[in-house]
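Scrolling down, you'll hit the structures one after another.
After this come two complexes, each holding chain A, first together with chain B and then together with chain C.
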Partner chain A sequence: MTEDVVVLGSLRNRLVVILTGGAALLAIILFLFVRGYATLIAQQGQDSILSASVSSILDAAVLRDGNVELDFPYASFSMLNTSADDRVFYAIYADDVLLSGYEGLAVPQLQAGNEGTFASATYDGAQIRMASATRTLIGADMPRQISVTVAQTQDALSDTLNRISSNVALFGIGFFALATALSFWATSTTIGQLRRLTTAVTRRGPQDLSPFSKPVPSEMAPLVGSLNTLMLRLDHSLKQSEDFIAEAAHRVRTPLATVRSYAEATLQRVKNLENRNALRAMVRAIDESSRAAGQLLDHAMVTFRAENLNREDVDLVELLGDLVQRMTPIAEMREVTLKLDVREPTQMPGDPILLQNAFRNLIDNALKYAPSDTVITVHVHAAPTLSVSVKDQGAGFPADEIHKLAGRFVRGSDTRDQIGSGLGLTIAQDVAQAHGGKLILSNRPEGGACVTLQF
Partner chain B sequence: MRYIAVLILLLAPLTGHAQDWEDQQVFGSPNPTSTLRILSSTDTSFFAPIIESFIVTRPDIEVHYFVTGTTELDDVFRNNADQFDVVISSAMDLQLKLANDGFAARLDGISHPEWAQWRDSLFAFTIEPAAIVINNAAFADLPIPATRQDLIEVLRENSEKFMGKVGTYDVRQSGLGYLFATQDARASETFWRLMEVIGSLDTQLYCCSGDMIDDLMTGRILVAYNVLGSYALARSETAETLTVIFPSEFPTTMMRSALVSNAASQPVMAEAFVNHLIQLQSEGEPRDFPFLSLAEFHGTIGRVSISLEPALLTYLDTLKRQTFIREWESAIIQER
Partner chain C sequence: MKYLLVEDNLELANAICSRIVLDGHTVDHAARIEDALGFTSAEEYDLILLDIMLPDGDGSSFLKQHRANKNDTPIIVLTARSEVSDRISLLDLGADDYVTKPFDHAELQARCRAVFRRKAGKSRATIEVGDVDFDPVGGHLTVKGNVINLRNRELRLLEILMNAKGQVFPKQKLVDRLFSYDDDVSENAVEVYVGRLRRHLDGSSVQITTLRGLGYRLDHD
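Moving on to the complex of A and B:
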């Protein structure tokens, strides 16, 4: 049935994509955030050391006889020692004149009293971080502005950041893997509920329209509720139509019997050949209608009984012997021999009325299509599986229709001149299915049809 | 002589290489396919075995070994970085500044203790303490000083005997002398008192340890302060005449270091040479490696007083240097 359903995407795939995609996005955000934060912290660390170095140099500045002296401590540069042996550059300016240090350090313009500024730049082909600060020395004649810049390459910083990055990346990948595993688990659990429901629906027999009683998650309750309501309505309308058909058949059969007896009586009295033929045709038509009504009733009965199957031990040999005996007169009328072939006593649990109905329909069918002077054999096999087959020596089933003959009101293309409703095989099939078996139609290699009820 | 050297240095780009070297020697093949040029502040006699063992396995190269003072070496190399492949100097601060200023190539293939190298570009291969070297004859009836304080007392009490007979580095000329002096000054105020005493004795100023030891041998001076002890110990004939004293209160040590020029024309061979040097150092074969290895140093003296770090730039700062030289001059060259 699934091939008839329009499928658009998959819940599982959608869930997996959303969950793993979300996890990937989260992992990337986590990575970028932590890395960014680590960069900030590491940069702040370097900045504060550079700043300390700058202020230790600035603090040492004094004016002596109008000249700037800067006897800064050893620690000013010692504190800049890093594990990666970063290069150190510095420049000391007095009123924008380089007093000592490295030329070409891009020293920012500083205003007196500036707290200190930081900048990133490139110097001598290396990426550097600079800290600068300024201080005004008040001398005897005029104030002098001293500014100091200390710069350092960022090798240790980038080492640290790379280490943090790879750790965070590992963490992110781990997080992603875990989240993916979780999402697969969550998805399969969720989809599992749907699958269980699907299995429950699929496993049901064709007649089973009872509501689902197993517990389902609250999200699926509306679906199952709707499904139950739908099945209830379906069951209701099916029963209604079956009832209606049975009622109609019943109502038709009784007047038909009356009409037939009148027609028979009239046939005795009428001498005119033309009228007799007309009456015979009438009787025949009445027979056909009556038989159809009977089979409709049978079918309704089978449907009802199959739904509420009443199992008891049935002696198949006795049941079939009875049936064959009862039908032998009809067979003799058609000059057909009806044989029962039983090797051993066979019993099965089942509804004897249904089984009898099914076998009668099969034998009836065989009688209808068997030519004169042929044999119809009813075989009962106990092994390998219990089966009952009815074999005739007629024309067999048309090969191209064999698979659909068991459908309701389906009749073979070669049956125009036979009375029939197209329900016989359907009834047999319904009975077989109600007993957990199946109906197999085949043609015998030596000619003739073979219908098997396999339980 | 120094001024001529500086003058020549300034004219060097015009006149080719009319550099006035302290020493200049060529090792190796007479018809070489390539030449390794080493600029060094270390006497050739110390490096000859190292170079010889290097060229043993490389028969088709020659090694030019140029010797000059540490300060001049710095100047020469800064102006002609492409003329030399390997630079070896005992002035750690100048070497570190060369590396810091981007003159040294990074050598990734050399494994060396973290404290003995800087930025994978500057490699220390020996540690040497500064020593007080005395003429034994002069101290025959005097106590042998074990510390700087002892030396101050001896000199003060015998100022007539030592007048004009005390030698030390001229820190204005010698990069190593400047390094020793600044590190002494950093460590203790005793240094300045010693300088005052030495200055009052009309001290002799030297460019190099070798010269100081020469004069100690002849008796021209009787005491030398902050000399490289290894130079004195290396001369077999000194044992009788001189005593090398490592001051016991605090050692002032330096590390001789090597770097490969960033502009080297033989970078692969230069790296191989530095690697060779480091390996000799760690193997500590005394015949090929006439220095104290790093491990040996840790066994005997035990503490490196000057570490390879950017703080070495401190005293190279123009202002700091001016201040220090001025103070040093006022202590040593006392106008009388």
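Moving on to the complex of A and C:
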């Protein structure tokens, strides 16, 4: 049935792609955010040291006789020591004139009393961070404006940032891996529900059309609901076909039974030979038509059941034992002995009703053609292949027709006056084929026919 | 033997009843499950023939109720349904056997005999004529203490003759009852069986008399 389904995409793949894609995006955002935040914090650290350094220099500046005097406090540069031996630059301006320091160190346009500004720039081929501050010194004659800029390269900072980045990247990858694993787990749990439903439906025998009653998640309830409705309808229509076949048989057979019983009863009273022959012909015709009707309906039922083969463990010995017991009165009537020859318990998976019907047809045939005082044997062989044979001691099959006798409505040319529909062997063959076996007709070397159902 | 026939089709029921009577048994007829239950509660039957489709319900409900009442009278179901669908459930419900309509009366008789044999055990009704004791169910004939096992047609022929001793049976009638309609046998086939029975009855007080041109009759001294 799978080959009729048009498949477009996969829920599982779609879910996995969405969930892992989401996890990847989250991991990247996390990485960028943590890295950005770490940069900000590290920058703030450097800035506050630079600013402290600037302040300490400014604090040391004094105005003496209108001249700016400045003793560098040792701490103002030592506080800038880093593990990476970052270089430190400085520039001190008094009223825009470089008093001391590195030329070309950009001087921010500073307002007096400015507590400090920060900037990033490139100096001498290196990334630097600058802190600048300005202070106005009020002397006797005129105020002087002192600007101090302290800059530092950022090697230690970028080392730290790289370390943080690689840690965050590792964390991000870990997060991604975990999220992916979780998404696979979540997906398979979700899909697992569907798969369990599928398995439960697939595992059912073809005859099992009862509604699916195990609990399912609410999202699947509409699907299961529709499935149950479909099964109910299917069950209904299957029951109708079975009922129809049974009802058809009933309708045909009941009036035939009446006519037959009357004819038989009348035959007991009528003496005139012509009338007697007419009555006998009538009974025979009734037998013929009822048998044909029965076989046709049986054949319909067999075809119907074979298409929906219901396999259960069938105890062949028990089934054949019952059948032989049931057919024994008919064998006795014909003074034929019916024997069951089984050497070991034998089981096979199959539909007991179909198997029983097939074997009954074979025994029926043997009973019809076996002469009085002969033996019909039903053999069960478990090895090398499982097979059931019905052997009689009659005339056997005509050699030139043996290959076509299993055909529908085909009857042997030597059937004389036997009543038959030509469907018995067809039914047996259909049943064998439905169980993956075959029907083999042969004549026994010691005389008589042998019909084997080999599975 | 006493039979109960449960069958709603009156024509078929009449035909079956007349055949049962012809075989030397008595029979009551019920057309509904309700009537059938009335009969079984009032009388003891040796066998019940039960149609499976009845106006006031499914014959299987009678089967269930019958078995629930601990009544172990054997039941043979007469079914017109397809063999394939009904077989297992009928036997599961406690039927002893079934025949599919339309049935050969000889087959029904054979099935009844098989059921009696399985069910009745040792307490079997025998027919006694003169010094001959005949057990039609077991198929034994006891002549002066010697037990003889009869073949099927011998036993059926003897049953017919013994059930109506003194009555003349034309050969043709006997052929009708001994052979099925698809056996194309001549009237002379009966002679073979009469011959065998005469050998079995040799030395007893019972004999089968040939009435030339008329048939056979069972007599005893």
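Keep in mind that, in the parts below, the second predicted complex is superposed on the first by the 236 of 455 C-alpha atoms of A that agree within 3 Å, B and C clash if a C-alpha of one lies under 4 Å from a C-alpha of the other, contacts with A are read in each partner's own complex, and residues count from 1 in each chain.
The rule we apply is simple: a residue touches a chain if its C-beta (ideal position, glycine included) is under 8 Å from a C-beta of that chain, and two chains touch if they have at least 3 such contacts.
The model shown is predicted, which means the values in this text are computed figures rather than measured ones.
Undergrad: Does chain B (first) or chain C (second) touch A:329, or do both, or does neither?
TA: The answer is second: A:329 touches chain C but not chain B.
Undergrad: Pick one for A:95: touches chain B only (first), chain C only (second), both, or neither.
TA: neither
Undergrad: Could you tell me if A:72 is touching chain B, chain C, both of them or neither one (first, second, both, neither)?
TA: Only chain B; A:72 stays clear of chain C.
Undergrad: When both complexes are superposed, which of chain B and chain C contacts more residues belonging to chain A?
TA: Counting residues of chain A touched by each partner, the higher count goes to C.
Undergrad: Of the two partner chains, chain B (first) and chain C (second), which one does A:305 touch, if any: first, second, both, or neither?
TA: The second partner, chain C, only.
Undergrad: A:85 in the overlay: touching chain B, chain C, both, or neither? Say first, second, both or neither.
TA: First partner only, chain B.
Undergrad: Taking the superposition on A as described, I'd like to know which of chain B and chain C A:125 touches: first, second, both or neither.
TA: A:125 sits against chain B, while chain C stays out of touch.
Undergrad: So, A:242: does it touch chain B (first), chain C (second), both, or neither?
TA: Only chain C; A:242 stays clear of chain B.
Undergrad: Do chain B and chain C touch any of the same residues on chain A, and if so, which?
TA: Overlap of chain B and chain C footprints on chain A: empty.
Undergrad: Which residues of chain A touch chain B in the complex?
TA: Touch list, chain A to chain B: 68-78, 80-81, 84-90, 92, 99-101, 124-126.
Undergrad: Which positions of chain A touch chain C when the two form their complex?
TA: Contact set of chain A toward chain C: 242, 245-246, 249-250, 252-254, 256-262, 264-265, 267-268, 271, 276, 280, 283-284, 286-287, 290, 294, 297-298, 301-302, 305, 322, 326, 328-330, 332-335, 352-354, 356-357, 360, 368, 416-419.
Undergrad: Name, in rising order, each residue of chain B that touches chain A in their complex.
TA: 100-102, 118-120, 186, 308-314, 317-320, 323
Undergrad: Going by the contact rule set out above, which residues of chain C touch chain A in the complex?
TA: Residues 9, 11-12, 15-16, 18-19, 22, 53, 78, 80-88, 91, 97, 100-107, 110-111, 113-114, 151-153, 170, 172-173, 176-177, 180-182, 184 of chain C touch chain A in their complex.
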